[in-house]
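Think of it as A, B, C and D in the order they're written, each chain with its own count starting at 1.
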Amino acid sequence: MTGFLETMFSPGSADMILTIGTIVVKIAILIGIVLLHVAYAPYFERKVIGHMQVRMGPMRVGPHGLLQPIADGLKLFFKEDIIPAQADKSIFYISPVICLFTAMSTLAVIPIFGGFVIANINIGILFVLAMSSLGAYGIVMSGWSSNSKYAFLGGLRSSAQVISYEIAMGLSLVGVIIMSGSLNLTDIVAAQEAYPLKSFIIPQIIGFFVFCVAAMAETNRTPFDLPEAESELVAGYFTEYSGMRFALFFLAEYIGMLLMCAIAAICFLGGWNGPFEVPYIPFFWLLVKVYAFMFIYYWVRATVPRYRYDQLMSLGWKLMIPLALFNVVLTGTIKMLR
Amino acid sequence: MVELQWYLYLSAAVFTIGVFGFLTRRNIIFMFISIELMLNGVNISLVSFSHYLQDPRGQILAFFVITVAAAEAAIGLAIIISVFRNKETVYVDEMTETKG
Amino acid sequence: MEQVDKETSAREELTLSLGPQHPATHGVLKLVLELEGETVAKCTPHVGYLHRGVEKLGENRTYLSALPLTDRLDYVASMSYNVGYVVAVERLLGVEPPERAKFIRTMVSEMARISSHLLWLATHALDIGAMTVFLYAFREREWINDLFEMLCGARLTVSYPRIGGVRNDVSQEFLDSLWKFTEEFPGRLLEYETLIDQNRIWLKRTIGIGVVSAEDAANLGLTGPMIRGSGVPYDLRKFAPYDAYDQVEFDVPTGTNGDTYDRYRVRMEEFRQSNGIVRQCIEKLPPGPVMAPDAPKFTLPPKEKVMEDMEALIHHFVLVTKGPITAPEGETYSAIEAPKGELGFFFISDGSGTPYRMRIRTPSYVHALALPYLTEGSFVADVIAVIGTADLVLGEVDR
Amino acid sequence: MLPELFFYYNATVITVLSALVVTRSNPVHSIMLMLVMFFHIAALYLFLNAEFLAAIQIIVYAGAILVLFLFVVLLLNLKKELVTQIFIVRWPLGLVAMAGLLVLMFAGIKSFTLGPTGDFTIEKIAGETHTAAIGTVLFTEYIVPFEVASLVLLIAIIGAIVLAKKQIKT
């Protein structure tokens, strides 16, 4: 491929405007859809966990609390934006944006259904990993710049956690890469069509398990929610944030979750391929898989306690990474023998 | 089409800025950052050579440079930590242990 | 000089003030933690943020009117603290409550124990991250509060027991509801245990955390589940029975290792024992009055009697103006087994209607001061688990 | 025209940012600026048809090495740095040395001519994707250096652990 940029910017190309226009429209559609989903993901979470905990969840705003996300959004938007006096202002301003930016830009390589992807680049998985590793910056910088001990501890914990579990996540995806022979997410889905259930779930069960655990750790969700363990560190790295900046972190966290679910669905569960074609809704099966995955996230959150910091680290380094490595070796050997 | 020379000028500029930082900063962490700058400057030229000469070796070399940079950062920062633990300083002019 | 400065500055950097406003300290406990990375090098509890001078207030009130103060000690299990107070005052005054009152008091203090332990379980689990247990436990605690409301009209600060008995008799409706609760409750306990008892993360977070040996526990003055977790079957309900505890059967569960998990197990077993005691009390509840015959000297007579009876009117007048007139001179210490440990009341009486000195030995205060021993050398996250297992209620720590 | 513009933009940003990086007094700011700079370098790599290297630049440089720097800076907690002299006393000498080096290099670059080109053409990369093309070369021709690199990393890991480990108090 001639470089992505060169195609785009090649002089005299009549398609240039059209290409850029298509991309902009696609971005707008995707961001619209994702923001809507992200707004309702906390609502979904609160309802699911509420019913698991013998209570109702949000009920007041609108029928069954359906307008709750809008109310929350409005409230956060109009709240005062408090900045600690001793904070490092510039970094304090920019940290939530880093978090959101890394989460949002990953969306670009996620194929929603065959052909609908903003940037169909050949290093899709690498891009995802790169962006998720950059998310650590937003976290550690927000913790540092708040100039609060709780935030600082939370930031350090979180970045250490994200970095360690990123290795396990990357290694768990190697199995998928070996089997499909491509780093392109669209190609990975295409490669899965030949396998039982149109997915890698059976041959890559170990990788899938490691990925699920690493994804939970990567997005700082229970039982790995140490950075924001409210009983220890108040709220972790965003203790000092309020109003819209807090909302940005919130948004980034939920987009991150959505992304992890989408990547799990694409890399291990066959993406938008399902047992039968659903007419007019090509992304139906992806959506179902993503929501099933999200439900598991919430289910786990309602069920298990929280790990301690050192236990989390030893789980990551002593169990998850060796398991993922074993999976890589196993997959490689089988691929070679065939 | 951008000439190769321009990439090399950029690479030289980044490299020399790295040299300047390495020579003039007191703080050992900034010296390490300057080394990273120098390595990046070299990498730019390697990758651009690879592109213009249509030879993969430049990129392979850049790949190894990144590997070595990672190793160097790990070791170097570990040294900084252990020095800081003993001397409580990050200024090279205060580290006079090996002067004899 | 410079060396010293460096050290102090380095220490300042790593000092974390956990509390008094912190989601895990259950009130206004402040722990100043000196950290080395995530390890606690030194832990200094600071108490007193909730000090209201309950002991001093008690010395300025009659024995009867000091009773509601004890509600505010441990507002989580106020019934036990009322019982502790009236048992102590009865010993001072030499009053013997009737059998029915004794059984009712035993029953309600066991209900308070269940209620208190439920709150402990809820917050302890929430601190460690198990959110669902919190809501499950509060469901049952709500039920107990409803039962208290049915019994005496108040849910939290009950002030139900009286010197020489209890305020009013129990209704059959209340007993039926309580019986239903005791039938349901063991099933609910299983629910909690399904969630956390064998959960690997729970085990990892609690086993070997905050270990205290039997000897050290005794030396630190730990009581209640804190010492029973270390294998010492110290329980005042067995050692120095009060009320009707010598007439009901129950076991004193103990642990072996003295860690957070053992204390958790001890309290979970105490749920079952308390449930059993409540059932026995309902079954064995004897008929009869609920106030001692000489109680009018200490307790306000019913309002309608005051209107009709001269004696009652005189008692009422004297009680309100002077307090109980027959408090003999002397000292008395009486302790009961509160949900959190040994609750002792020490009175010095100078023969007047108010105590010359009232001293309350509250278990949480001792446990709070044992926190440095339990936490030093462990991780920050373990401090949270230990605060949970100590089951501190700041109302009684600071008094 | 656009490729030139793109290059000039990137080159300017990279140069300015690297100059800022070595002159900041706060290491954290410096590292953040460096992060932005790495992004621009990665963009440049994309422009040079080295997409795998661009990804590596972000993942390894920005995601690992720079985070390591950040960690160390945060662990050491260098508040004193903000008020003390950031350069050595004879820093103008360094500036002169830098200028000399720059002039020398520019002079050398000016007379640089391109040698014979190889077979790693754009079409070839487009045919089998950049990652596969690089991988093929790396794992055949350069397999021994590759293994040596892995050894270097292993030694670095062990060395870092040994050096940074806390001394056990005896």
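Here, a residue touches a chain if its C-beta (ideal position, glycine included) is under 8 Å from a C-beta of that chain, and two chains touch if they have at least 3 such contacts.
No experiment lies behind these values; they were computed from the predicted model shown.
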Checklist entry - When the mean CA coordinate of each chain is compared with the mean CA coordinate of the whole protein, which chain is closest? => result A
Checklist entry - More C-beta pairs touching across which pair, A-D or B-D? => result B-D
Item to check | chain A and chain B: spacing of chain centres that average the CA atoms, whole Å | outcome: 33
Checklist entry - Between chain C and chain D, what is the separation of their C-alpha centroids in Å? => result 63
Next on the checklist: Between chain A and chain D, what distance separates the C-alpha centroids? Give it in angstrom.
Outcome noted: 27
Item to check | chain B and chain D: spacing of chain centres that average the CA atoms, whole Å | outcome: 7
Item to check | chain B residues counted as touching two or more neighbouring chains | outcome: none
Checklist entry - Going by the touch rule set out above, which residues of chain A reach two or more other chains? => result none
Checklist outcome for this item: Check: chain D positions touching at least 2 other chains come out as 3, 48-49, 52, 56, 64, 71, 122
Next on the checklist: Is the chain-to-chain touch network here best called a line, a ring, a star, complete, or other?
Outcome noted: line
Checklist entry - All pairs of touching chains? => result A-C, A-D, B-D
Next on the checklist: Could you list, by residue number, the parts of chain D that touch chain A in their complex?
Outcome noted: 1-3, 6, 26, 28-29, 32, 35, 43, 46-49, 51-52, 54-56, 58-59, 62-64, 67, 70-71, 74, 122, 125-126, 129-131
Checklist entry - How about chain A: which of its residues touch chain C in the complex? => result 49, 52-55, 149-150, 153, 222-223, 225-226, 229-232, 234, 301-311
Item to check | Of all residues in chain A, those that touch chain D in their complex | outcome: 1-6, 9-11, 88, 90-91, 94, 121-123, 126-127, 129-131, 133-134, 136-137, 140-141, 144, 152, 156, 159-160, 163, 166, 182-184
Next on the checklist: Applying the document's contact rule, which stretches of chain B touch chain D when the two form their complex?
Outcome noted: 1-2, 4-10, 12-21, 23-27, 29-30, 32-34, 36-37, 40, 43-44, 47-48, 50-57, 59-60, 62-64, 66-75, 77-82, 84-85, 90-91, 93
Checklist outcome for this item: As the complex stands, chain C meets chain A at residues 16, 22-24, 38, 125-132, 135-136, 139, 195-196, 199, 201-202, 204-205, 379-382, 384
